[in-house]
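Next come the structures, one after another.
The two complexes that follow have chain A in common; it is paired with chain B in the first and with chain C in the second.
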Partner chain A sequence: MSKRLMIVDDSNIIRNKIARAMDTYGLEIVGMASNGKMAIEIFVETRPQIVTMDLTMPEMDGIGCIRAIHALDPAVRILVVSALADKATAIQALKEGAQGFLCKPFTDDDLTAATGELLDEEEYD
Partner chain B sequence: MTEVELRVFVAIVKNYFEQQTAVAADVYTPYLADPTALPIFDYTGVIGISGVRQGCVYFTAPAEMLRRILKHAGETDLSVRNLADLAGEIGNTISGNARRQFGHEFLISVPVVIKGLGQTISLPKGVKAYVIPFCWERLDAALVVSVV
Partner chain C sequence: MTRFGFGRYRALALAIGLFLLLQVGLFALDRNISAQLRADAVYERLASRQFAVHLQVIQDSTLLLHGGALTDKQREDRIRQLDRSATHFGRTLEVFSTGGTTVGKRDIEVHVEALAIPRAQEILRTAQTAWSPVAAAIAALKAAPGPAEAAEPARVILTAVPPLRKEMVEVATLMDDVASERAATLGMAKIGALSLAAVNFFAILFYLAVYLRRSDQELERARKETADILRTTQEGLFLLDQQNRTGTQYSRALERILGTTEFSGKDFFSLLQPMVSEKTLATTREYIELLFKHDVKEKLVADLNPLNCVQVFVGQGTGRPETRYLEFGFNRVKEAGRITHLLVTANDITQRILLERSLKETEARARDQVGMLVDILQIEPAALQQFLRTAREGVQTINGLLQAQETGATERGSKVHALFRQSHRMKGDAAALGLKNMAAAFERLEGTLTGMHENHSLTGEDFLPVTVQVKSIYEQLDAIESVFAQIGQARVSVSLEPHRVGHDPATAQQPFVQRWNDFAQEIAVRHGNTVELNYCGPDLAVLPDALQDAVNTIVNQFIRNAVVHGIEPAEDRKRLGKPATGRLTIHLAQREDGGVDLSFRDDGRGISVEHVRQVALEKGRLSAEEAATWDPRRIIGLIFEPSVSTRATADGDAGRGVGLDAVREVVARLGGSIRLGTTANEYCRFRVGLGAPAMGSAR
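Here is the complex of A and B:
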């Protein structure tokens, strides 16, 4: 059975780019959100197992959203996909419950590799 | 903004185009802007900067450049909505990448996108603005950095 994925990013073109790249893994996209608040609503309805998460978004930013989603389901796998390239932000995201961090701009290969690592780690958990 | 700091933005612009399109951008020498004659193209993504630094960064480009970047990315929807989205996303990406050098207290806002050549941009008063002009696939565009 394919795993359920939610894509969170305030950019429509980034959401579509991630969706196209994720075809590689045959993931089922159960929802897309343009801000953290919307993401939490979709998460509660659809219970995705994997989430890609932007950080700079209106309404609720990605760090707050990671915290909320992780509280709802500590087993969810979260890959941060963000332009914020400093180490402190990556560490904070990982502390809040993300498992991976991919810096924008990214190629399809970068994304599939980061997703692959996330899925591989899950196999061993 | 020092020369070294401006070089950070030059490197980020180069990296963005090389990575996203595999076609290098020719980045020209940055210059101090005349506040009454700031460069503006069809779509402009403005990012507010706060925290340890104050000001704004904006990316401005012609529609044709944005259409070509979308095509490079495999995007088939070349609507006005997506062109505006891309201008904002590039501004966001460049500003966010700058945190690698400026640190996590270089706070960036979500993008505000301005459409149209006839628009004017109001930059923070008393803060010098530097224009980083560049050319990609024979199309001119610019990044403007006005940060103190």
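Here is the complex of A and C:
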């Protein structure tokens, strides 16, 4: 059974880009959110196992969203997908419960490689 | 966790086991033989008691046989004693042959087994046979009423008992032999066991020695290999523990990379602190904590490493600090699934960074060159040659100025101004031809000179950056010349669509007119107005080189001045009832004396006397009194002076208070004249007369 993925990003273009690549990779996309608040609603409803998370978003930013999602389900694997404007913020996001970081801009290969890395860990844990 | 390798110690354990086994065997043997020896001692003691009892019996019997002097009481005592001794003797003889309990010394009861020696049993049987009449004789003794009746039994006893001594001696000797044999066996066994133990001990010792030696060798080899690797690798390597302390083992390269030998056991952040900013240091702390304590994928956080390219200043002995670029990498070291350390790699990536930069610069230069090529392809060859000639002369003039020795700050200030004028003129020429990079280079030079102009305590050293920039300009000129030479043939086929401008179609198509027009259009676009340029006059090529250069420079400055300061935006013009497009009109006429008359007219806002007066006051060029008393003609004349600009902000086109100053300089050098006519909001016209250049003159 393929794993369930939720995509969180305020850019429609990025959401669609991730969705296309992840669909090809074989993940089931259960939801897409353009802000943190919406992401939590979708998360509660669909219980994805993997989440790609932007950091800078309206309503609730990525760090807050990661904290909330991690509290709801500590086993969820979260990949931060963000521009490398501030390393300290990204590190903070990882401390809140994300497992990996992918720097924007990225290629489909970058994304699938990062997802593979994230899933391997899940399998071996 | 280290697994205990029993295999390595098997031989040692076997040797120790064998040793223990030997000891147990020896102990058991010793116990067994000792028990037998103890039994033998009992026999011996009983045997020796038999001698004593045997003598007692003989003595008592003899006394009874010959002791006529004995009282009855003494005789009875003897008989009782003889009875007891004989009973003991007989009992002991019996237990020797069949086993049982008898009485030893001090009348203690002793239990003994039957003697297990066949010869002894044989002797005992003989002895018992010899002893058998003694019991009956003692009974007769006890029953005898007087000494006479006792004599016969006593004689029987004295006949039977003495020969028993021989049997007793034989038994004792036999038992002694057996005991000696057993003692010898025990001794031999002990010696054997001890020898085996000694062999075993030495075997263990040997094994340990060999094992320890091999183990030491392996350890030493491993240590040497590690040391070799750490000494030779070009990468800085060390371990960082959870308390952020550096390990004691680290690669030699690290000392070179970090420029310190005080390394082992130090706090990593104290080492970093002098090299990086507070922010980077704080982010590094966070990053290391992330790797140690959080469930993140090492590969997926590598991008966040704040030390992937750090610019540091490393002291080099007595020399100046050296700028380097360092790259630190962090990898988790795990033991039984737990992160114990981070392996830190440090590399000096200065060469790589410099190479990347150099590549970028090369790329930029290549782009510039292509840009330059495109620029050059659009320029009419004669005009470009003319530019190159003028520019080289200009650069030489600048060099001359730079080399001149000046004594004070005031002189240096004048020098800056002179340099600025040259640069400004050449910038105008370059821009007029469309050589954008060249114009930009002069623009940068102007920027530098402007900065210096504001510095009132200039020293000779302040001119160094100018020298560097001039050198770069010189190289650009070389590059243009080289490219120009290379495309000399190719450009024949390059033709440009002529602009349809001017009322004299023939002259409007002249390349130099096109250049002027292009230049005017370019500035107009930047300043949000539209212009058209008309030229009436001969081809510049018919003029001597010096005059061509002078006319070109002057016209370029006039164009810039007119488009920037004169021509109003289209809307203002409409409001004033003028055509939306500003008009620049240039007339050139050759004089009979070989000189030329140049007229440049624009239909812009003209020159406001009041405005110039105001600016000159603000710039300190005029005192309040002068400003009030000077007549308008004299005030207008100030626009040809340095530092008086009629536009508020300086930009690439005009407004630095140079330009007309440069025109005046060119005109002055050629001994010409300038006249200016202007009506506010109507026009501004410059008339320039230039004499024929002297023979051999550069201009």
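Points worth noting:
Here is the rule we go by: the second predicted complex is superposed on the first by the 121 of 125 C-alpha atoms of A that agree within 3 Å, B and C clash if a C-alpha of one lies under 4 Å from a C-alpha of the other, contacts with A are read in each partner's own complex, and residues count from 1 in each chain.
As a working rule, contacts are C-beta pairs under 8 Å (C-beta built on N, C-alpha and C of every residue); 3 or more make two chains touch, one makes a residue touch a chain.
This structure is a prediction, so every number in the text was calculated from the model and none was measured.
Looking at the shared chain after the overlay, A:Arg20 reaches chain B, while chain C stays out of its contact range. When the two structures are aligned on the shared chain, A:Leu79 is found in touch with chain C, with no touch to chain B.
When both complexes are overlaid on chain A, the residue A:Phe101 reaches chain C alone and has no touch with chain B.
After overlaying the two complexes on the shared chain, residue contacts for A:Ala88 are found with chain B and with chain C alike.
Between chain B and chain C, B touches the greater number of residues of chain A. Of the two partner chains placed by the overlay, neither chain B nor chain C lies in contact with A:Thr52. Note: residues 84, 88, 92, 103 of chain A belong to the chain B contact set and to the chain C contact set alike, using the contact criterion stated above. By the touch criterion given at the top, residues 10-14, 16-17, 20, 56-58, 82-86, 88-89, 92, 103-108 of chain A touch chain B in their complex. Chain A meets chain C in the complex at residues 79, 84, 87-88, 90-92, 94-95, 98-103, 114, 117-118, 121. Those residues of chain C whose C-beta lies close enough to touch chain A in the complex are 279, 282-283, 286-287, 289-290, 294-297, 299-301, 303-306. Across the complex, chain A is touched by residues 15-16, 19-20, 70, 73-75, 77, 81-82, 85-86, 88-89, 92-100, 102-104, 106, 108-110 of chain B.
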